[in-house]
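Presented sequentially are two complexes of chain A, the first with chain B as partner and the second with chain C.
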Partner chain A sequence: MSFLLRNWQSSLVLALVVMSMAFLPIISSGGVGSAFLIVLLIVAGAVGAMVLKDRIAILVLLFGAAHGAVWLLIGALSGKTGEATTSFYLLLAASWLLAWRLVTVLSSIKPKGRGVDVFLRLFIPLLFGAWLLILWEAIVRGAGIPFVLLPPPSAVAARFSNSLPILAADVNQTIFKAVLFGYVVGCGTGFLAAILADRFVFMRRGLLPIGNLVSALPIIGVAPIMVMWFGFDWQSKAAVVIIMTFFPMLVNTVTGLAAAGHMERDLMRTYASGYWQTLAKLRLPAAMPFIFNALKINSTLALIGAIVAEFFGTPVVGMGFRISTEVGRMNVDMVWAEIAVAALAGSVFYGVIALAERAVTFWHPSIRGG
Partner chain B sequence: MTDRLRDKIWPVTVILMGILAAWYVGSYSMNAPFQRDLDRRAGETPSFSEFVVKTMSQPKPTLPAPHQVAQNFFENTFLRKVTSSRSLVYHAGITLSSTLAGFAIGTVLGILIAVGIVHVTALDRSLMPWIITSQTIPILALAPMIIVVLAAVGITGLLPKALISTYLSFFPVAVGMVKGLRSPDVLHLDLMRTYNASRWETFWKLRLPASVPFLFASMKVAVAASLVGAIVGELPTGAIAGIGAKLLNGSYYSQTIDMFSALVAGSIVAALLVAAVGIVGKIVERNMGGRAA
Partner chain C sequence: MTAAMPVIEAKKLGLTFETGDGQVHALSNVDLTINTGEFVSFIGPSGCGKTTFLRVIADLEQPTSGTITVNGMTPQQAREQRAYGYVFQAAGLFPWRTIERNVALPLEIMGYSKQEIAERIGRTLDLVNLKGFEKKYPWQLSGGMQQRASIARALAFDADLLLMDEPFGALDEIVRDHLNEQLLKLWARTEKTIGFVTHSIPEAVYLSTKIVVMSPRPGRVTDVIESDLPRERPLDIRESPEFLAIAARVRDGLRAGHSYED
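Now for the complex of A and B:
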């Protein structure tokens, strides 16, 4: 019994397969053709995961069985959207459970080499993401969910590759004009204001509570006002981004400048170093983790600010403009393509900052220890 | 008390006064060109002081003066019936209801995800990276689509807006709770082991109490985020009700004063929400016998 419980996914898979037999065929208008192969694959994966002793063999078997089965399942849907039966979903759930088992086995590996560790760190989340897309595709097409409501990922990908020029123009307008300019100016002025606040204690005492308060406010609301002041083009979006990124930078930098320890400051004093020397050689480097934290927060805020500001009026290009007009025309696949671009841009933006952080704060325990 | 006055209240007041003064100067200089234009057409040559007063009393100024905003805010908050669609209290109430609904769902979801991540290794390895990635996605971009698409299948009103708030607020809670549930040190965990405590007991008696300060810190962030979500969620609904709708209406008809007082209302709601979460957190921690931090 404990044998069955230790690998409960496999037991459940077998139960699901038996249940699915009662509801065949998997596609209401189709024969039993590929169903036999799918069931065979799934059963082989489940039994193999219970019986086999060698971990590598289990992994290979599970990977092949889960993905092969789901490939056949989705393949059986082609041209027969919306005709999936209960049996289809039971088999889909079974192959998903096999993938879960795969991830469980993978997570229990204690990697010895650094290469294996990095590989696992990337591979497990990727597998999770891939299964999210697989389930999305299978359920949307299997249940025949209306295209307007939720397009399958394959349709979004097709739209994405067909409209690269439009997407590129939108990215250029929104990201390379509005976001980058606003981000650099907003973070830069926030940083300078923080230095100023650090130099004069009075400023710090006055600005910090206000900055903390403003950070919690829905600043995005100034977007329509900025559009009114600076017109429809990218300048108004940059203004929104500047306002949104200023305060997180100010608050974090001021906090960071207080991070250097007393011992180190005393040491600088014994060296007879002045304010600016201490700032450049001790306190700014010590503040870097905080500054990068602000840069990371701001990378998301900047994108949100620019896109939302475009809802209030733009020239006929830009990511926010495209999203709001294509929603109105019910071209949902284009909207999803635009969101995929935004997600990609956001992740790349974040990734670049994270890499820069590793390079600059190489001394910090959280990086040295990892 | 005098220390508090010297260290906190005095500097904050001075800086606020400075901002207010800058605002007046700004509203003079931004409204002046239009006013000069008006005067020239009317053939008037007002003295400087008259001119300044005029720039501060335009019906649709580029930048309204603080007292105009304050007056508008006061009228629309206290002098109107709460049920009137011109009352800011009415709009703030609508925004507040979807904020709170989204915040509640988001907090519960965040806690559940955190519990799962702490207890199931497979979830930790596969889900955690995606939770972090999910926040690099400018999700507010999804807001109009969620609203319009859900409206197409007949779901309107509170739920779509609350969903956006949920998405924005679950993340801080999930991340904070994961940190909190892992915060008990090895010594305490070992003690639970020597008591032969089950995972369930360790969770209820050690991990959960240890995570409470983390929970409230992240709930403060989450409630502010879910207000932003609710406001943006109101933009594409065709400007019916709520602070976001008020902003959009203002921008259609260039009623800057209305927009500013809607912003003020939103800010007050945000400050109240954050303060409320902070107070509840303090009460809970005190009742749990925690030390004053």
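Now for the complex of A and C:
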């Protein structure tokens, strides 16, 4: 019994395969030819993972069996969309369990070298993500889900690679013009406003409540007005991004400037240090974790702001424009391609700022770990 | 410079804090003179105003009555002329600066040249035995080493007066003994005037030429003891009869200040 439980995925896989036999064929209008090969692969993987001793051999076998089986499963669907049977889903679940076992075994490896460590840290989430896409593909095509509801990832990928020039133009318009400009100006003015609010009491009393008001402005309401003010091109989108990013930076910087301790401030006072010297040498460095917090929050806000703002009038280019028009034309694969681009760009943007944060606030306990 | 020139002169000094539940008399009628080259300890229970007195000297608090001069000036003028170095209870090193950049901090603020800064970093880190740790960050050092670095930082700009507010309070006994010994050597080498706040009777007696015993509510000076121990003090002087006699007098002074509470 413990033998079966130690590798419960394999045990369950064998059970699923036996069950799937009762519901053959895997495609309602097809034969059992390819099903035989799929079952063979899956059983080989499951049994191999139970009996083999060498970990490398287990990993290779599991990888080959899981991906080979699912490749054949999805291949069997070509031209037969929506004809998957219960047997198909049982075998799909079995292949997925093999991949689960593969990730389990990989995760239990205690890497010896740095190279292996980095490889595992990238490979495990990649494998995980790939299987999300594989299941999406197999289920959408197997069940024949209508294209406009959810296109299979393969269609999105095909549209993505066929539309590179359009996507590049959209990214250039939305990200390299509206987002970057708005982000830099919004974060910059928020930062300067925070310094002014810190330096002059009347600014603190007057500006902070108004900043609060600005942050509460609904972007949906502001965007059309910005289009009226600054025209259809990227400038109006940048203005929306500025409004969205200004306040988080203002509030975080004001909070950060209060983060330096009393003792450190007293210390600067004993040196007869002036306001600007204390700011540069003590209070700004101490505020950096807060400022980077705002930069990270704003990186996602800016992207959302620019894309949504394009829904309210834009030249015939831009990610928001593309999403709103292609949805209207039922070209959902293009919408998904834009979403993928936005997710990718957002991740890169966030990642660059997170790296800069590690370099600047290396001294903070949350980063040096202790 | 004559040996008996007063560095600090307080006359009828008083400081009352206004708090939510009424007034707190942190200092009341303090008369005290500290002369050049003295090592003066302030000892007393919590709330006796010893730290407050040190902070008044440093112009970190303003007295509400009486007068005080530092080098013949008001504390504010003295602070603006960078007349003293201050060591706090915690090291208070900036974690984003290496040890040498921390020591350089006051020098940068005071506008020393790059070359002068480099030379002074070397000299002061040598004084506190931290050679070889220049490039370390504060959080990579032990508590005792951090506190030594903060002393180096206070020494870097060569003020004649060093104010220390329980600098070794958070350290264990062994490290504290070691640092006390080093502090005495440093005092002998630099001939500075030192004001030193402590809770510990042995520490006060071991280090000081003058011990100011204080008591709380209101914070006041109850006894000023001139120590006749030799300036050269090995650690085992603490078992000598002279040492124990002074320690007993300090203890009596502390008890007298408390008697009305019993």
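Here is the rule we go by: the second predicted complex is superposed on the first by the 341 of 370 C-alpha atoms of A that agree within 3 Å, B and C clash if a C-alpha of one lies under 4 Å from a C-alpha of the other, contacts with A are read in each partner's own complex, and residues count from 1 in each chain.
Just so we're on the same page, a residue touches a chain if its C-beta (ideal position, glycine included) is under 8 Å from a C-beta of that chain, and two chains touch if they have at least 3 such contacts.
Model, not experiment: these values are computed from the prediction.
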Residues of chain A touched, compared between chain B and chain C (which is higher): B
Between chain B (first) and chain C (second), which, if any, makes contact with A:K281: first, second, both or neither? second
Is A:Y350 touching anything from chain B or chain C once the two structures are fitted on A? First, second, both or neither. first
Chain A residues where the chain B and chain C footprints coincide none
Inside the complex, what are the residues of chain A that reach chain C? 261, 263-264, 266-273, 277, 281-282, 285, 288, 361-364, 368, 370
Chain C residues within the chain A interface of the complex: 58-60, 79-82, 84-86, 88-90, 92, 94-96, 105-106, 108-110, 137, 139
Can you name the residues of chain A that touch chain B in the complex? 100, 103-104, 106-108, 120-121, 124-125, 127-129, 148-150, 202-203, 205-207, 209-210, 213, 215-218, 220-222, 224-225, 227-229, 299-300, 303-304, 307-308, 311-313, 319-320, 323-324, 327-328, 330, 332, 335, 338-339, 342-343, 346-347, 349-350
Contacts from chain B onto chain A in the complex sit at residues 7-8, 11-16, 30, 62-63, 121-122, 124-130, 133, 135-142, 144-145, 148-149, 152-153, 220, 224, 227-228, 231-232, 235-236, 243-244, 247-248, 250-251, 254, 256, 259-260, 262-263, 266-267, 270-271, 274
